[in-house]
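See structure below.
Chain lettering (A, B, C, D and E) follows the sequence in which the chains are written, and residue indices restart at 1 in each chain.
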Amino acid sequence: MGFRCKNLGVTYKTQNGELEALEDVSFSVSDHEFVCLVGPSGCGKSTILKLVAGLLDPTTGTIEFDSKPAGDRPRNAMVFQEHGVFPWMNVLDNVAFGLAIRGVPKAERNAIASRFIDRVGLSHFIDSHPHELSVGMRQRVSIARAFVNDPEILLMDEPFGSLDAMTKLVMTEELMGIWSRQRKQVLYVTHDIEEAIMLGDRVLVMTGRPGRIREEIEIPLARPRDLRDRDKSEIVKIKEHVWGILEEEVRAGLRGQHEPS
Amino acid sequence: MSRRKIAEKMIPFIPPIILIATLSFLETITRMEILPSLFFPPPTAVMATLYNMTTEGALLDHLSATVIRLLTGFLLGGIPGMILGMMMGWSTAIRRILDPFVAALHPVPKISSLPIIMIIFGIGFVSRTIVVAVASFFPMLINTMAGVRQIHPIYFDVARNCGASRLQVLRHVVLPGSTPFILAGVRLGLNVSLSISLAVELLLADKGIGTLIWMAWQTMRIEELYATIVTAALVGISIRIFVQLLLNRCVPWATKART
Amino acid sequence: GDAPERKKLRVMNSPYMSWAVIHLAKANGCFDDLGLDVEFVVMRGIREGLPALAQGRLDVVPGFITPGYVNLMHRGANIRIVADKGHTESEGCPYRAFLAKKELVESGRLDNFENLRGLRIAGERTSTSYYALSSLLRKGNLTADDIVWLDLPTPAKQGALEAGTVDIVNASEPWITRIVQSGAGVIWLPAREVVPGFQHSFLMFGPSLLEKDREAGMKFMVGYLRGVRLYNEGKTDENVRVIAAETGLDEALVRDACWPPVRETGYYDTESLLTYQAWALEEGLIDGLVPVEGFWDPAFVEYANRFLTEEN
Amino acid sequence: MSRRKIAEKMIPFIPPIILIATLSFLETITRMEILPSLFFPPPTAVMATLYNMTTEGALLDHLSATVIRLLTGFLLGGIPGMILGMMMGWSTAIRRILDPFVAALHPVPKISSLPIIMIIFGIGFVSRTIVVAVASFFPMLINTMAGVRQIHPIYFDVARNCGASRLQVLRHVVLPGSTPFILAGVRLGLNVSLSISLAVELLLADKGIGTLIWMAWQTMRIEELYATIVTAALVGISIRIFVQLLLNRCVPWATKART
Amino acid sequence: MGFRCKNLGVTYKTQNGELEALEDVSFSVSDHEFVCLVGPSGCGKSTILKLVAGLLDPTTGTIEFDSKPAGDRPRNAMVFQEHGVFPWMNVLDNVAFGLAIRGVPKAERNAIASRFIDRVGLSHFIDSHPHELSVGMRQRVSIARAFVNDPEILLMDEPFGSLDAMTKLVMTEELMGIWSRQRKQVLYVTHDIEEAIMLGDRVLVMTGRPGRIREEIEIPLARPRDLRDRDKSEIVKIKEHVWGILEEEVRAGLRGQHEPS
């Protein structure tokens, strides 16, 4: 159940003319693969996830999903970078939302949702509305909602970005557990290079705007990996490499000199 | 700090104090005939009349006739207005198709079209209700539409991503997300419906607050006129309370966050 | 010598046929040589006009009888009837009448007033219309509860009669002519049969002319009675033209319609108003009776008649 | 995809098509006298009358009288409504003190209180304008208040943190943040003001669209009646276009984000 | 120009009763000090910043500012965790907002704002509205706005959380430059323990809800520090210590067993 993105391009219409966000992006995610996406801020990572989720139509290019007729799309769940927790629902209803949509009976969906709410440490807040939560707590609601949906493809946009280091580790372990138990594809956007290397089968490194895939790096680490042991030499080597690319791209962007190379 | 808290505790008492002060002032200047007593009766006289009309007259009968007319009209006009407003707020295509018609029909004067409506729909209950319904239709529609358009697009994305059908998006995103504005629409719509109910009764009906207003003008019983207007104002206050209850119930997330 | 200072009078104006006398007087310059400038203030309801008159914001209100008028005077408002402006004719075409579908009249059912029971009768909610209905019902020993009384805006009456959703309508000109000409209904009963000689329309002055400047009131009355004379010349081309222009009606309709009679002397039938008051008191519409001297000030027509006789 | 794009291109043509279809249908059934011809003239006859009234009659004069009345009333009522609405939306204390009075005064029937207003303010321009102003005051107030309350509290925090005074918060947060709802209020307010202007003209004026409506009823020139109502509808459409221009100009951030 | 927080407590009123967010929090920030705040998600870090900024009144306790009469507050600038970029202003106006409030003439404030917009790499987007920006770009707008305001106290709530590693590094260098050139106090919330140690003179480690200061750690590293060199043994040692505390607090919280100890 992998998928292939072919020559994706996205141009946004803005007040000040057109903005080319993505240019000729091609990559694939194969069955049960965990792919990480890193790149400078504003390079189009979120845009790619929205394309895969079908929330945005590419200006050019196509996405093909395995074993689905053209145009059809397997179930996917996205953890949005901006959380997207409904302010008008309490934590339970937010997390159970996907199940409610699929018509799962109330008792059952509440049971499932409660279990996941427990796992993200929000059982005290099950009745609370989002405005009563801290930012990190809202992010955890959004994570639980995606997990509950039990999708074939998980699209995660900086999912643990608002969590403290320790909570983040626990959540990551949870994610890795789910991923390895069930056959899912994961496309994972992160700002943390180390994290990308620790989690991914492959890391896609993007250029600055307009976003292109500059390099695909296979991560040769065996599974299961110990998420706490980040100082292995392979990791450090890859990290330095990626860091080098990013530095080039970011410096160019900050100087405002980035032109298609 | 604690002075601020005391001030806050005082707030509920301020409106009654203002009211009583205003009434006392009016009482004084009317009793002193600074205003012509022919047209400005003292508030106490109006209150006495109101009391008489309630106990001896049929004020409550008239009131309930108006309230029934108002509610029927509002339900028949407001709910379609809300639904259409949700659809127009949500879908650019529907909005662009229907908005010119809404714009053209909204200002068509309701009361002066009443004879035409009566010729089409007959001279009975239906015509009168249609006019009231139409009056609440537009504020509900326009407010709901604005309310839906302010919903942050990410919530639509989330719902679609969870596999929601169009109907489910309507139910779980569009409706709750626009509730604060729907309720502003309810408030406007109910008040407009009340005004139009009174206008219709003024012209046509044999029952209702509007009929009382008409009678009061016709007989120049100024105390009765003011008493009737006070009754209309009390209906308005009830509407306000009702909407506040709805707000507290339906959008604790919005009111609690901001009060 | 010095031109005398001209006096400005504010006169409520509505483009109704029953305003014809004033329209004719103004259009023919009847006030000009009296040093009066008549300014028309458009108001289409007595509801707005009466308080303005009582406050002295309007000088002259041509109007019709309402319980409110009686009550205002009862409370001591200084407003008075000063001249006739139209009363129910004693013969000829009716200015106000009950109309019904032709078949209903021909069927003979309406020959006996008791047979009105259960019929649907439409009128306006003005008290004059209701007064006529009430008097009609009394003739058949009925009350308003025995029939279906429908409040309809006048244009809807014609449609309702045509569509058969009402049986009888109470109307005045030019609607009578319109309904008859359209074939929607025929005249069944002129109002004179139920309220003979009813003084439905008159001219009122307020404190500005009754107290402050009676002289201007006198002059106005002279102009007004000149207008009455013009009016009583009947449907001359000039009269028809002026009335059509002021009311917006077609000249043909103005010519076909029935014009209510107005007394050349301007005198008002006080008896008629006493009868009306008795009825209104019974109906609970007024708070007490106002005696003749309380509502009628004949000084102005007296003066004007004298003036006009001397002039001739 | 491309089919959807074609459909999108079609949208602007749909309203005129619907309009023409409806008019053709009406033309047919009125020409066939399925509806009583006394009250339902064929659309072409109405259009001919409209044309005549514009070229020969004084329709444009009447129209401009109404538009001036409408705009004066709206400015005098809408702007205070907006300012008070901003303050009531923003400050819980002000809201709790004033809201009962707003609730009580809003439903007081405007047209039937006109005589009282005339008793107080005279029979001239002032009274008429006050009624129109009051009519737009309330929708502007209620919508602005709802609009301010939906502003996310973080923006108030940011402004305070940048040292903004209360006036600056009003100018930089409250006003722009509630603009979409203020504009919904403008639309409602203008339309209500138009209705009330017509009603006032119907009762009191010798100029204006309302006068024409009254005259058309009185003389039973049904074509003129419809022609006048069409004129009112055109004013409504102009209001809509005006508000849309304001929207595009003032809240590109809201419309662009959501269209 | 330091300040002292004394026995701060905050209780929120919620739908489901009262929620004690902070309990007896005392700490001080002295002149020209850079203090970092770490703690598990939902422990009350943002709440503390809001108290210092004066956006929230403590339920108990007080805050005293040096050389200010009681009740008065020096100018502070906050980088909000949720960015709080005004959707109705373009990037330039957002960044120049504080200057506009202080009545700086248009030309002058635009020049200043443009300079900072350049430094955060958004000069191409100076006319754009926030909805046309990526999340990281919005965060940079919010950072630029705080820098432009040139406050005496900088309150930063996870300010670089939405930025990729490299952009974050550049922004951090910028911050350190500003801090060391001008005499400012900084209170800096971060989820990244390493970062806290690299930047702070002191690190305050908080307990889970209700938040208390569990430990204050002096960081003995000399200034200026090389932000890229994170593997020094002192750093690793402190990091492990903090990590240990956090682990305890987070595990307790996730098991829902955290009670006042």
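For this structure, a couple of remarks:
In this text, a residue touches a chain if its C-beta (ideal position, glycine included) is under 8 Å from a C-beta of that chain, and two chains touch if they have at least 3 such contacts.
Just so you know, these numbers come straight off a predicted model, no measurement behind them.
In summary, the chains found to touch both chain B and chain E are A, D. The busiest chain interface, judged by C-beta pairs in contact, is B-D. Averaging Cα coordinates per chain places chain A and chain C 83 Å apart.
Inter-chain spacing, taken between the CA centroids of chain B and chain D, is 17 Å. As a whole-number value, the distance joining the C-alpha centres of chain A and chain B reads 48 Å. Chain centres here are Cα means. That of chain A falls 26 Å from that of chain E.
Shown for chain D are the residues that touch two or more other chains, namely 36, 39, 115, 119, 202, 214, 217, 252, 254, 256-257.
Residues of chain E in contact with at least two other chains: 15, 82, 129. Listed for chain C are residues 47, 51, 55, 153, 155, 159, 163, each touching two or more other chains. Contact residues on chain E toward chain D in their complex (touch as defined above): 50, 53-55, 75-78, 80, 82, 84, 86-89, 97-98, 100-102, 129-131, 145, 149. Within the complex formed with chain B, the residues of chain C that make contact are 47, 50-51, 54-55, 66-69, 71-72, 75-77, 122, 125-127, 149-153, 155-156, 159-160, 163, 165-166, 285-287.
Partner chain C is touched in their complex by these residues of chain D: 36, 38-39, 114-115, 118-119, 122-123, 202-206, 211, 214-215, 217-220.
Against chain E, the residues of chain A that register as touching in their complex are 12, 14-16, 19, 38-42, 46, 81-82, 118-121, 123-124, 127-129, 132-137, 140, 158, 161-168, 170, 191-193, 243, 246-247, 249-251, 253-254, 256. Considering their complex, residues 7-8, 11-12, 14-15, 18, 36, 39, 92-93, 96-113, 115-116, 119, 138-139, 142-143, 145-146, 149-150, 153, 180-181, 183-184, 187-188, 191-192, 194-195, 198-199, 202, 210, 213-214, 217, 225, 229, 232-237, 239-241, 254-255, 257-259 of chain D touch chain B.
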